[in-house]
Every structure is written in C-alpha cells, then in structure tokens.
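Shared between the two complexes below is subunit A, which pairs with subunit B and subunit C, respectively.
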Partner chain A sequence: MNSVVKGTGYILVHTPDMIMRNGTTQTTEMIVNPGSEYLKELPNHIRTYDQAVNYYPNQTYIGNMTPAELAAIEGPWYDKPMENAPRYGKFGEIMPEAEFYLLMQTCDVFDLMRLHKDFVAEHLEAFKANPIIDETIVARVNAGVEQDEIEHFVNDEHAEGIYYNDKLVGYLKRAHDVDVNLSAHVMLENIVSKASSVLATLYAVQNAGINKEDVDYIIDCCEEACGDMNQRGGGNFAKATAEIAGLVNASGSDVRGFCAGPAHAIVDAASLVKSGAFKCVIVSAGGCTAKLGMNGKDHVKKGLPILEDVLGGFAIVITENDGVSAEINLDMLGKHSVGTGSAPQAVISALVTQSLDKHGLKITDIDKYSPEMQNPDVTKPAGAGDVPLGNYKMIGALAVKRGEIDKKDLASFPAKHGMMGWAPTQGHIPSGVPYIGFAREEIMRGEIKKAMIIGKGSLFLGRMTNLFDGMSFVMQTNTAAEAQAAAGVSEDEVKVLIGKALKEFAANLIAE
Partner chain B sequence: MSLLEGKKVIIIGDRDGIPGDAIAECATSAGAEVIYSSTECFV
Partner chain C sequence: MDLENQKRVKEFTEEYGAENIVVLLGAAEGEASGLAAETVTAGDPTFAGPLTGVSLGLKVYHVCEPEIKELIDEAVYEEQISMMEMVLDVDDIISEMTAIRDEFCKY
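Let's turn to the complex of A and B:
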C-alpha cells in the first residue's frame, strides 16, 4: 500500500540582523562597494517582528490562512498588514530572532557559540515559554559569557558576531584553525540550518500525533553541506537534527538537489516506507542565511521593505498507510532526465505529463499543481516575475497543445489548478513542498482528489553540469479501503475455488 | 541583416524564464558571437 503524509511542520524565523551580516547580496556588496547607497539605505527598510508576523504570505506559510484565502486578497501584500496576526499557526510558528539565537546555541554541540549572559537572561523565559521547546532543549542553554570574551573571539579569533538590534550579543567561532569547511562563516550557516530544521521537525512530530520514538529515519534536504577538509560534504544534517529533536530511534541521511532536493527526498522517504524498510520517515530542511535579502537591491530601489527577512523550515512525516491520510502515489512520478534538455516546454513535459500519460490521465485530472511557490511580492519587483504563475501558464499551454482544454480557458487555468505563491525565496523551501500541509487537509476533506508537487533544481549553479533538474509526485485520496476490499474479495474467491477443486478431486477419487 | 549579426553577446538566462543555452542558440543563429552565457537563479 502507498505511504501517507501523516503530518507536516512549517516554520519561519524573523532574522533582521542576519540580513545585513549574513545575506550574500549584502556581504558581497560590503566587499565590492562598501560605501554604496544600498548599504546605507538598507537599514531603513528592515521590517519589525510584528510586521513580519502581520504579513499575509507568512501567515499562510504557518497555516493560519489557506492559499485560497490569500489569493482572495489582491496583491501586493506587503502594504496590507493583517492586524494582530498570531505568532503560532496550525503548522508551526514565526520565531523571533532572539529566541532563535538561543535555539541555535542549543543546537551547537561543540561549544562554538556563546551569547552574552544578560542576553540569555533576558530571553530565556520567552524561550522556555514556547510549548514546542521541551526541557531537554532548555537544558542545553548555556548561561552565557561576558562581553570581553565575545569581543575577543570576534576581533581576534575570526568568530562570526551574533547581533541583536545591531548590538553584538554573542559569537560563533570557527571549528578549525585552517579548514575553510569549518570556518565560523560555514559553521554559522550550518547551525542556522540545523536549528530551523529542528524547530520544523518538532512541529511535524507534534502535528502528526506520533511519538518521537516512532521515527525510524530522517532525510535532510536543505542546500548546505557539512564536513571537513577531507570530506567537504560528509554530512549529516539529518541525524544531527534528530539528536536535538529527541528522535532517539532514528538514523538518517542527507539528500541534495538544489531546490529539487525536497521532492527527491520525499520520493525516497515514501519508497522506504512503501517497501517496508521503515515505518516512519521524516523529510526535513532548515533555512538559508545566504539568501536573506537576496533581491534586496531591487526592493530598496523601489521603496519596498526588505521582504526576504525570514528563514524558512519544513518537515513532512511519512508513515505506513493509516487508512485516512493523503497518500503519496509512487506510480505517478515525473523526473527530469539527462536527455530531457533545458527548454521550458521540455522541462514541464517531463515533470507533468510523463506520469499522467502512464495512467492515461489528462492535465486537468490533477486538481492542484504546486510547482515553485515563491511569493510574487518578492520576485516581481526584482524582475523575476510571478514564478508560480509562469509555471501554471506553461502547464496550461501544454494542456491546450494536448487538446485537453480549449485555448479560451487558458486564462482561467492558473486560478483553477494553481495558487498564488506565499513562500519565502529560500531556494528549497518554496519548491513545491509548502502546499503539502494544505494538500493533505484538502484531500482528506474531499475538496480535491489529486495534487501534483513539483520540485525544480538549478544544478548548473554548482558548476558540475549544465543540466537542470526536477522531480514530481502525486498526492491523492487514501485508497487503503479500496485496496483492502479488493484484497478481501480475491482471498474469499481463492478459498471458494480451492474448496471447489478439493470437492471435485474427492468426487473423482470416489468415482474411480 | 539581423540586429545581432556580427555582434558579441553576453547572455544571462533565468532558470524560471528562458535558460542561457536557449538564448545562445537563438543569438548564434542570428549571427551573434556568444562571449559568455550562463543561467542564473534569483529565487
């Protein structure tokens, strides 16, 4: 039987201080053009925590609004705050920067990160008050250090400074004197990814209603690499995340594929469960500091706030079929192969129609498509257009070409079979997966029957190949009852046939 | 004579739009010399 999506976790972390100090658009600008107008102007465009929380796309990401409710509000959304929006949602939360620094410190198992003792004292109660942060994590909080120690490591020992409201409140030091793979910069990126993955994983476990001990395996699919000079991408984020999250029975490994990583990882996880190798597998990923403020120059130039001010994270719990949850159908996979080429039409054909044709289905037989779900508020002012809409137009055009919809219906295809994007531009984070939580619910409520999740990856950025990449899979209504019914009928039939055969055999013996 | 005939071109493709390879094919067929072509990702 197919595996199911048992639960999901989606989290954001508001990280205003990391935009300037860890986002590569800004750190590159500091090197090549340190006195630029952009760097001077940027601090005036930073959103407060409340502004980030009151932002409709962020509220959608954590599950307080559905994609349909978001689409009903005309964009752009950055100038239409949702008043008094909550920090917590049904999928996760939007964590403030200070509490995230404490979470980062608890995820550092090599004593690389220390915060000022007053900073720890000021924010510890809020950290402890978060219901998802259990006592094992709280017990890992270090009481903190003096300012002298922080300044020493930042000024003399190549440590990365940890800033809060532009004030130095901690350090994260290098893990080796000469190994660039263990530099403070790399360690900070990796610990950020790990901590945000831990947070998402905790929510996914809670939302799935499983015990931490039930998890057999975890697959991390972020876009960072951890290792040392002798094995640069040795790994593994997955098991490191499981350790802090308390998944004591889990092993794990990392799967990479740029933004397509999550789709590959979910297909892997679903395969492990369907094959019977494991009963419960989590796919998780944390966020990326480098992409903070990535399109900031265009946002500042146009007078907008820096909208790329949050880290993203997600985790998906995949288990044996429970008879009710939405399934992952491994008979309906799409993949971009080496020979597919990079033309947009070829890419979409490989990812969308490949699996449909195998089952004699039409493009319109999929109720909702979730390709790259980037928030258009971020991408449109930067000249990258509305990425989800571009994908929907291409899928719709393919449907027209195949004679499955009339050309006049092309304009309504994106609204009918698609959604407005709501995810932050954190690479792998918006890549198909933001809809999985909603898709699970919509399928279980009977509102839709099939959803296709599509991940696409820019492999050429690694300069090892010019190839593009992609993977798709279909989520669908649970079929366990049908499968069991079918299996039951055939078993009974077999019994009747055997009984009949034995009776005939006995009759023949008597006759002889 | 095409607009690109004899011109040297630098191409930055967009992975969510038209990739560099595809633009390069068009530019070359229009008589341009492709000096540099890459596809970038802005998301």
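Let's turn to the complex of A and C:
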C-alpha cells in the first residue's frame, strides 16, 4: 500500500541583521564595491518583523491563508499589508530573529556560539513562551557571556558576529583553526540550517499527531554541507536535527540535489515506508543565509523593501497508510534522466508527462501542479518573471502540443491547474514542497484528487556536471479502502466476523 | 549574468577573438535577455562580475530570434524550442535584444 503524508510543518524566520552580513549578494558587493550606493541604501529597505508577518505570501507559507485566497488578492503584495496578521499558523510560525538566535545556540552542541548575557535574559521568556519549544530545548540555553568575550572572539579569533538591531550581541566561532570547512562562516550557515530544520520538524511532528518516539528515520534535503577537510560533505544534518528535536528512535541521512533535493528525498522516504523498511520517516530542510537579499539590488533600485528577509524551513511526515491521509503514489514518478537533455521542453516532458503516459492520463487529469513556487513579488522586479506562471505556461503549452487542450485555453490553464507562488526564494524551499500541506488537506476534503509536486535542480552550479535535474511525484486521494475491497475481505474484518460468530455461539450455549 | 559565465565569455573572447564569438541566450524574459546581452556588449550593468567596465561588443542573440531560428534544423527546433516559443513573449525579447545590439554591438 502507498505511504501517506501524515502531517507537515512550515516555518519562516525573520532575520534582518543577517541580510547584510550573511547574504552573498551583499558580502560579494562588500568585496567588489565596498562603498557602493546599494550598500549605503540597503539599510533603508529592511522590513520590521511586523511587516514580514503582515505579508500575505508569508501568511500563506505558514498556513493561515490558502493559495486560492492569496491568488484572490491582486499582486504585488508587498504594499498591501495584512493588518495584525498572526505569528503562528496551522503549519508553523514566523519566528523573530532574537528567539531564533536562542534556538541556534541550543542547536550548537560544540560550544561555538555564545550570546550576551543581557540579550539572553531579555529574550529567554519569549523563547520559553513558544509552545513548540519544549523544556529539553530550553534547558540547552546558555546563560550568556560578557561583551569582552564577544569582542575578543569577533576581533581576534575570526568568529562571526551575531547582530541584533545592528548591535553585536554574540559570536559564533570557528570549529577548527585552519580547516575552512569548519570556519565560523560555514558553521554559522550550518547551525542556521539545522536550527530552522529543527523548528520545522517540531511542527511537523505536532501537526501529524504522532509521538516523537514514533519517528524511525529522518532525511535532510537542504543545500548546505557539513563535514571537515577530510570529508567536506560528510553529513549528517538529519541526525543532528533529530537529536535536538528529541526523535530518540530515529536515525537519518542527508540527500542532496540542489533545489530538486526535497523531491528526491520525499520519493526516498515514501519508498522506505512503502517497502516496509520503516514505518515513519520525516523529510526536513532548514533555511539558507546565503540567499538572504539575493535579489536585493533590484529591489532597492526599484524602491521596494528587501523581500528576501526570511529563512524558510519545512518538514513532511510520511507514514504507513492510515486509510485517510493523502497518498504518495510511487507508480507515478517523473525524473530527469542523464539522456533527457536540458531544453525546457525535454525537461518538462520528462517531469510531467512521463508518469502520466504510463497510466494513460492527460495533463489535465492532474488537478494542481506545484513546480517552483517562488513568490513573484521577489522575482518579477529582478527580471526573472513569475516563476510558477512560467512553469504553468510550459505545462499548458505541452498540453497544447499533445492535443489535450486547445491553444485558446492556454491562457486559462495556469489559473485552473496552478497557483500563485508564495514561497521565499530559498532554493530548495520553494521547490514544489510548499504546496504539500495544502494538497494534503484539499485531497482529504475531496476538493482535488491528484496533485503533482515537481522539484527541479540546477546541478551545473556545482560544476561537476552540466546536467539539469528534476523529480516529480503525485499525491492522491487515499486508496486503502479500494485496495482492501479489491483484495476481498480484510484480516481485521475476518477477526471481527469470527468474534461475532463466537459470541453468538456462546450466547446460544448459555441459552441452552 | 552569472559571474562564472561572464568569466567564460571573457576567456573565450580572449582565446578566439571578439569577432569570432556569438553569444546565444535562452533567457525566459525580455528584461533578463537584455541584461545578459548588455553584459556581453557594453559590460556588466550590475558591476559585480569580470565584465564590469569591459565592453566586448559581442554578437548576441536569443535562440527564439528569427536570425537564429532559420539556422536550426526545423525538426530539432520543433523538438527542443517550439514549446518555449509558445510560452515566451518573443516580440518583447526581439525588441530588447535588437535595442541592445543596435547600441552596443561592434561586429
């Protein structure tokens, strides 16, 4: 029987102070044009936490509004605040920077990160007040250090400074004197990824209604690598995340594939469960500091706020079939193979129609497609267009070429089979997965029957191959009842029938 | 344009001579095509890459422009490009590319 999506967690973290110091667009600019107008102007374009929370796409990401509700609001959305929007949503939350620094510190198991004692004292209560943060995590909070120590490590020991409202409030030091793989910069990126993955995982477990002890395995699919100079990508974010999240019975491993990583990881997880190897597997990923403010130059030039001011994270709980949840159909996989080629036409055919053709289905038989769900507010001003819309047009054009829709219906295809994008441009984060939480609900409510999740990855960025990559899978209405009916009377039903017969037999004996 | 790609364009130009280079783009938008075309003709407008302040003036086309389309085998074009041609705003791309070539192309 197919495995099911039992629950999902989606989180964002507002990190305004990391944009300038950790986003590569900004750090590159500091090297090549240190006195540029952009760097001078950028601080005037930073959103407050409330502005990031009151932003419709972010509210959609954490589940407070549906993709359909978002699409009903005409974009751009950055200048239309959703007044008094909540921090928490049914899928997760938008965590403020200060609390995230505490979470990062609790995720550091090598005493690399320390915060100022006053900073810790000021924000500890808020951190504890978060219902998802349990006492084991709170117990990991270090009371903090003096300013002298922070300045020493930042000024003399190559530590990364931790800033809050532009003020130095902590440090994250290197984990090795010469190994660049353990430099403060890399350790910061990795601990950020781990901490945001932990947060998403905690929500996914809660939302799935399972116990932490139930999780057998966790697969991390972010785009960072952890290791040292002898094994640069040794791993393993997954198990490190499971440890802090309290998944005591879980082991895990990391799966990578640039932005296609999540789709690969979910197919792996669904296969592990369907095969019977494990009963409950989580796929998780944290966010990426390097991509903060990635399109900032265009946003600043066009007078917009820096919209790439949040880290993203997600986690998906995949379990054995429970008879009700939306299934992952492993008979309907699409993959970009080595021989596929990199023309968009070849890529889309491989990812979309490969699995449909196997089952004699048409492109229009899939109710909703979730390809790269980047928020167009971010990408359009940067000249990259509306990414989801571009994907829907391609899928629609393929349907026209296959004679499945009329060319005149091409214009209405995106609205009918697609959605407006709402995910932050964090690479793997928008890659198909933001819709899984909504798809699960829409399928279970009977609003849709089939959704295709499509992940695409730019492998050539790693300079190991010029190849593109991609993976797709289909989520569908639960078929457990149908499968049982097809198999005849189930074992449970037989037990019930025998029990009933025995009771009747006993009753007859007593009557006699 | 990606910094690494700028570097490669610059190296190829040094190796083969600017007059022998044609840069072929596949960007999905007129604006993005124009930016890439500007980078390999006038120089990197974002002042970030190796082509900052380097005006190579190269010949540059988008794969959907008629000059390129007529050079490609019809069946191959149908198989590889026709779907994207249906999706892209080809007129916008042509006008952006033509404007950049008219202003900055030296060959």
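Simple rule for what comes next: the second predicted complex is superposed on the first by the 488 of 512 C-alpha atoms of A that agree within 3 Å, B and C clash if a C-alpha of one lies under 4 Å from a C-alpha of the other, contacts with A are read in each partner's own complex, and residues count from 1 in each chain.
Note that in this section a residue touches a chain if its C-beta (ideal position, glycine included) is under 8 Å from a C-beta of that chain, and two chains touch if they have at least 3 such contacts.
The structure displayed is predicted, hence computed values, not measured ones.
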Considering only touches as defined above, state whether A:374 meets subunit B (first), subunit C (second), both or neither. first
Looking at A:210, would you say it contacts subunit B, subunit C, both, or neither? Reply first, second, both or neither. neither
Which holds for A:138: it touches subunit B only (first), subunit C only (second), both, or neither? neither
According to the stated criteria, A:343 is in contact with first (subunit B), second (subunit C), both, or neither; which is it? both
Could you say whether A:427 touches subunit B, subunit C, both of them, or neither, answering first, second, both or neither? first
A:294 contacts which: subunit B (first), subunit C (second), both, neither? first
Partner chain(s) touched by A:444 [first = subunit B, second = subunit C, both, neither]: neither
Regarding the shared-chain residue A:384, is it in contact with subunit B (first), subunit C (second), both, or neither? both
Check: subunit A residues flagged as touching subunit B and also subunit C 343-344, 383-385, 390
Report the residues of subunit A in contact with subunit C in the complex, numbered from low to high. 28-29, 32-33, 36, 297, 341, 343-346, 348, 383-385, 390, 393-394, 396-398, 400-401, 407, 410, 463
Which residues of subunit C touch subunit A once you look at their complex with the stated criterion? 4, 28-29, 31-32, 35, 46-48, 52, 79-84, 86-87
Listed in rising order, subunit A residues that touch subunit B in their complex are 258-259, 294-295, 342-344, 372, 374, 379, 382-385, 387, 390-391, 425, 427, 430, 456, 458, 460-461, 466, 468
Under the touch definition given earlier, write down the residues of subunit B that touch subunit A in their complex. 14-19, 21-22, 38-43
